[in-house]
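Two complexes are shown next, each including chain A; its partner changes from chain B in the first to chain C in the second.
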Partner chain A sequence: MIIKILMVGSFAIVFGSLSLIVWTVFSKGLPALSLDMITKIPEGGFYMGGEGGILNAILGSFLLAIGGTFLAILFSLPTALFLEVFSKSSAWCSYVRLSLDILWGIPSIVYGAFGFIIMLSVGLRASLLGGIITLALLEIPIMTRAMDEIIRQTPKNLTQAALALGVTKFELAYQIIIRQTFPALITAILLAFGRGIGDAASVLFTAGYTDRIPNSLFRPVASLPLAIFFQLSVPFPEVQQRAYASALILTIIVLLVSVVSRLVASRMNRFTIK
Partner chain B sequence: MQPHIQINDLNVYYKNTQALKKINLQIPRKQITVIMGPSGCGKSTLLRSLNRFLELDEGTRLKGKILLDNENIYDDSVEVIDIRKRVGLLAQNPYPLPMSIFDNVSFGIKIHNIKNAKDDIEKTVRHYLELAGLWEEVKDRLHSPANQLSIGQQQRLCLARGLAIEPEIILGDEPTSALDPISAQHIEKKLIELKQSYTIVIVTHILRQAKRLADYVIFMYLGEVVEAGTAEEVFLHPKKDRTKAYLDGIF
Partner chain C sequence: MASQSNRKKESQRIGRVLLFLSGLPIFLTTTILVSLIIKANPLIERFTVKALITGVSWKPMQDLFGFLPFILGTIWVTVVGVCLSIPVSFFTTIYLTEYAPQAIRFAIRPLLDILAAIPSVVYGLWGVLSIVPWVEKSLAPFLSSHFGFLQIFSSENPTGFSIISGGIVIAVMITPFIIALSSEILTNIPKGLREASLSLGTTRWETIHLVLLPKVMPGLIAAIVLGASRAVGETMAVLMVIGNVPQIPKSIFDAAYTLPALIANNYGEMMSIPMYDSALMSAALILLVIILFFNIFSQLILRKFVNTKAILWHGNGIEDSSRN
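This part shows the complex of A and B:
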């Protein structure tokens, strides 16, 4: 009975906070949302309540998060497949998993600082490329561990059925396991993408900020989380309202991306062996 | 005729326990060999040693030789992939690959790059689906997911998939035990047809199935081969008391 009350209570708190956040973003952001917000870049005096929009940050965030997520996939997928298919020593695997779990817990500002130091040492300034690399570093532990857990769910009998046909481990990993777990892998990628696109601290030093539309890998780019941060710290209510509108745009982007990817994934789902 | 598989002094250990003790056997070519015995007697272990599946489990050690036409499959120079191509396996529970019916059969052809088959892949896929007795049931939905088939159909698909990579030997690990009686009968019939061109080794704990299928019988108990011989010898004139007892249903 007590357990049940605790469970219902926890659910209420989680669901309540989510609703409160969504409600705050919608109620404060919706009035300030306009076509200008998503089609124009900031004009002079934008942060004092002037004309313009945050197209620079929308595009910047897209490029940063998509770039970072793709770069992270290149490292996460092979790592996760290695842990499950190729590695012969389970002790080694558990060390790798432990390291990834610790990396997952490291605050993003530390990734930002780390990325910044790396960039200084190779002579890269705050730029789109720097932001993409840092976001990829931030996303890799999340994506790898999520994929690892998914790939571990592959039925042992399916793996053996493939091995009995004389497939190599490489073919097993890239032709059977990826197909089998594809819909779930999309979820893992989305989890990391969501973390990447919403993170402000890691791109603060590494991607910088600009009012221009991003046009080069080696120039700074704006991002939505920082756009929210900068506008929210201005003491004018109309600018703060635009911060909420920016947050609303960010939320909608994450929602759209995850709905579209899930639709794609569910088409693949029909081949999965249960 | 020279035996297809020859097993010399095979010992298998799982960590500290010995699962197979000093196995010496000769498995005849193009016949159905049935390995039978009570559960835990090592019959599955013996079968899995033939396609080198034992090494998938951590902590398994193997001593001795298994010769496939005089070539030791555990020799260092032998590629495990080649062995598994030559020795197909029909598992207890059918597991189609996560792709369409057609792709399930063509998959092995493509990865092993089987030349003649590749030139006309549609014809080849059809040939093996017919050989497994599944073509008529699936010819209109070749590109729908394999997981939509019934379990009996899935097992025949697994048979077609295995045959498509042109093995010499087909292993069956209780291949009918998960199936309904009619599907089981289907598979048995196919196996009898297939022994024309393949060497077949089946593990079963169903005595009547053993009697229906076997040309050659291996009876195992506690990791040892108690008796091996032609079906007639073992079923009608067993030499050992333990075999007699098993055939009479005493244990």
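This part shows the complex of A and C:
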């Protein structure tokens, strides 16, 4: 009986803390949210309570996360296909998987520091390109291992039937497995995208921060997590209000990504062979 | 037939390219480690590892680089966070896997997904808005007036930006992760074990703590260690609520400073003070070594208990269709 109370109590704590977080973000963020926030870039004196919005950070975050996710797909999909379809040596595969798992556990601040070292050595300053590359490195282990597990779930008789008809491994991977697992691959991509767009520590060194919208890959770029962080550390209440609104925007984006990935998974499942 | 062999050759060629590509994770892991060691080396050569790790004062302007306050700060926050998280995740996991009605079991997955998807800077904001004032106004006065004779509850820091605030935020962040992983471990136990025990007339709770738990204990511990390694590396959320004072903490209400926060706060001055960049990269190296140790240990144990996708689970609906 005591056990039961403890269990329900613990469950209530988990549920309660989630509601508290969501409630805090919405109740603080909604009053501070305005059309200007999402349609304007910061104007003069923005960080002392002046006019403007955080369009630079919203666009910047999307540029960083879309770029990083795109780069990560270029690596992750072929590698996952290699691990499941092409590879003949299972020892090599288990080394690759172990190192992916290790990379997955490395915190984003270390990726940030590493990205910074690499950028220094090639003479690149904090820029959109640097941020995209660092985010791609951060997303690669998440995406590759997720795709790896997804491709493993391709029905065995489907691949065997295809191979029996004489397709090569490349045709099997490219024409059958990708199509069959397409909805799940999309969820893996969105999962990595959601992680990338919310990450602050890795872009802190590598992407910099600016009030403008970048016009080239070599310019610094703002991002939403850093906008929240910087606005909150300014001692003016008007600016801190904007941090709350920025946090609300970021939370909504991340929740939307999560909901969309669920919808994609359930809607598109009917196009696959069970 | 010629086209047949051409296709085969093409496929083999692509396979070789992919083999090369798949070496990247191994290459990347070593490159990260090696480049941090190279960058940290000037500082290590000058002061020796032991002096750096046990040094208590951090005054880069006066050429003093002691990492002990940061290492201890990181350990304190992690330990407080993990200790707060363990009972909650343990009982929630047992409830979800063994007792809860089907409806709750289905509802919990999206809930944990949402908790896992919230960015750390939002957790930090929540900590600043809710946890810090609560610690300042309620928790710290209460505990220090009733249990102040215990060193760890005495309070000299009136602001609320403290280890306990960091610990609470960390606990909320890692709990969904630990729950997801340990539920996976418990549901992977063969049904027969449960049924055999119940058929001998044990109660549900006896089955759980006499039969199931001893079997999965190493897995559960590994899940907690993996959660701890996420706590060690957590940057923004902790940085925002911990106060960032490089001192040796004595009480959970003291302000502290963690290794990731040190790196994040000071990268701007990195180039202006001699040895400072090397010092920050040493901090990253210490962090990486701690995390590699935790990670490899727990990943190797967990492989015996769950399919690795549970480790990667952490959010956003990659469903386990093999079980349906």
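Note that the second predicted complex is superposed on the first by the 244 of 274 C-alpha atoms of A that agree within 3 Å, B and C clash if a C-alpha of one lies under 4 Å from a C-alpha of the other, contacts with A are read in each partner's own complex, and residues count from 1 in each chain.
One rule holds for everything that comes next: a residue touches a chain if its C-beta (ideal position, glycine included) is under 8 Å from a C-beta of that chain, and two chains touch if they have at least 3 such contacts.
Treat the numbers as computed from the prediction; the structure is a model and nothing was measured.
In the superposition on chain A, A:9 makes contact with chain C only, while chain B stays out of contact range. Look at A:79: by the touch rule set out above, it reaches chain C but stays clear of chain B.
After overlaying the two complexes on the shared chain, residue contacts for A:20 are found with chain C alone; chain B is out of touch. Residue contacts after overlaying the shared chain place A:273 against chain B, while chain C stays out of touching range. When both complexes are overlaid on chain A, the residue A:171 reaches chain B and chain C alike. Counting the residues of chain A touched by each of chain B and chain C gives the higher count for C. Contacts of A:28 after superposition on the shared chain: chain C is touched, whereas chain B is not. Across the two superposed structures, the residue set of chain A contacted by chain B and also by chain C is 166, 168, 171.
Chain contact summary for the complex, chain C toward chain A: residues 4, 7-8, 10-11, 14-15, 18-19, 21-26, 28-29, 31-32, 35-36, 39, 87-92, 94-96, 99-100, 104, 110-111, 113-115, 117-126, 128-130, 172, 175-176, 179, 205, 226, 229-230, 232-236, 240, 260, 263-264, 267, 280-281, 284, 287-288, 291-292, 294-296, 299, 307-309, 311-312, 315-319, 321-322.
Those residues of chain B that touch chain A in the shared complex are 51, 53, 56, 58, 81-85, 88-89, 91, 93, 95-100, 107-108, 111-112, 145-147, 158, 161-162, 165.
Those residues of chain A that touch chain B in the complex are listed here as 90, 155, 157-158, 160-168, 171, 175-176, 179-180, 270-274. Of all the residues in chain A, the ones that touch chain C in their complex are 3-4, 6-11, 13-15, 17-18, 20-22, 24-25, 28, 75, 78-79, 81-83, 86-87, 92, 95-114, 116-118, 137, 140-142, 144-146, 149-150, 153, 166, 168-171, 184, 187-188, 190-191, 194, 197-201, 204-205, 225, 228-229, 232, 243-244, 247, 250-251, 254-255, 257-258, 261-262, 265.
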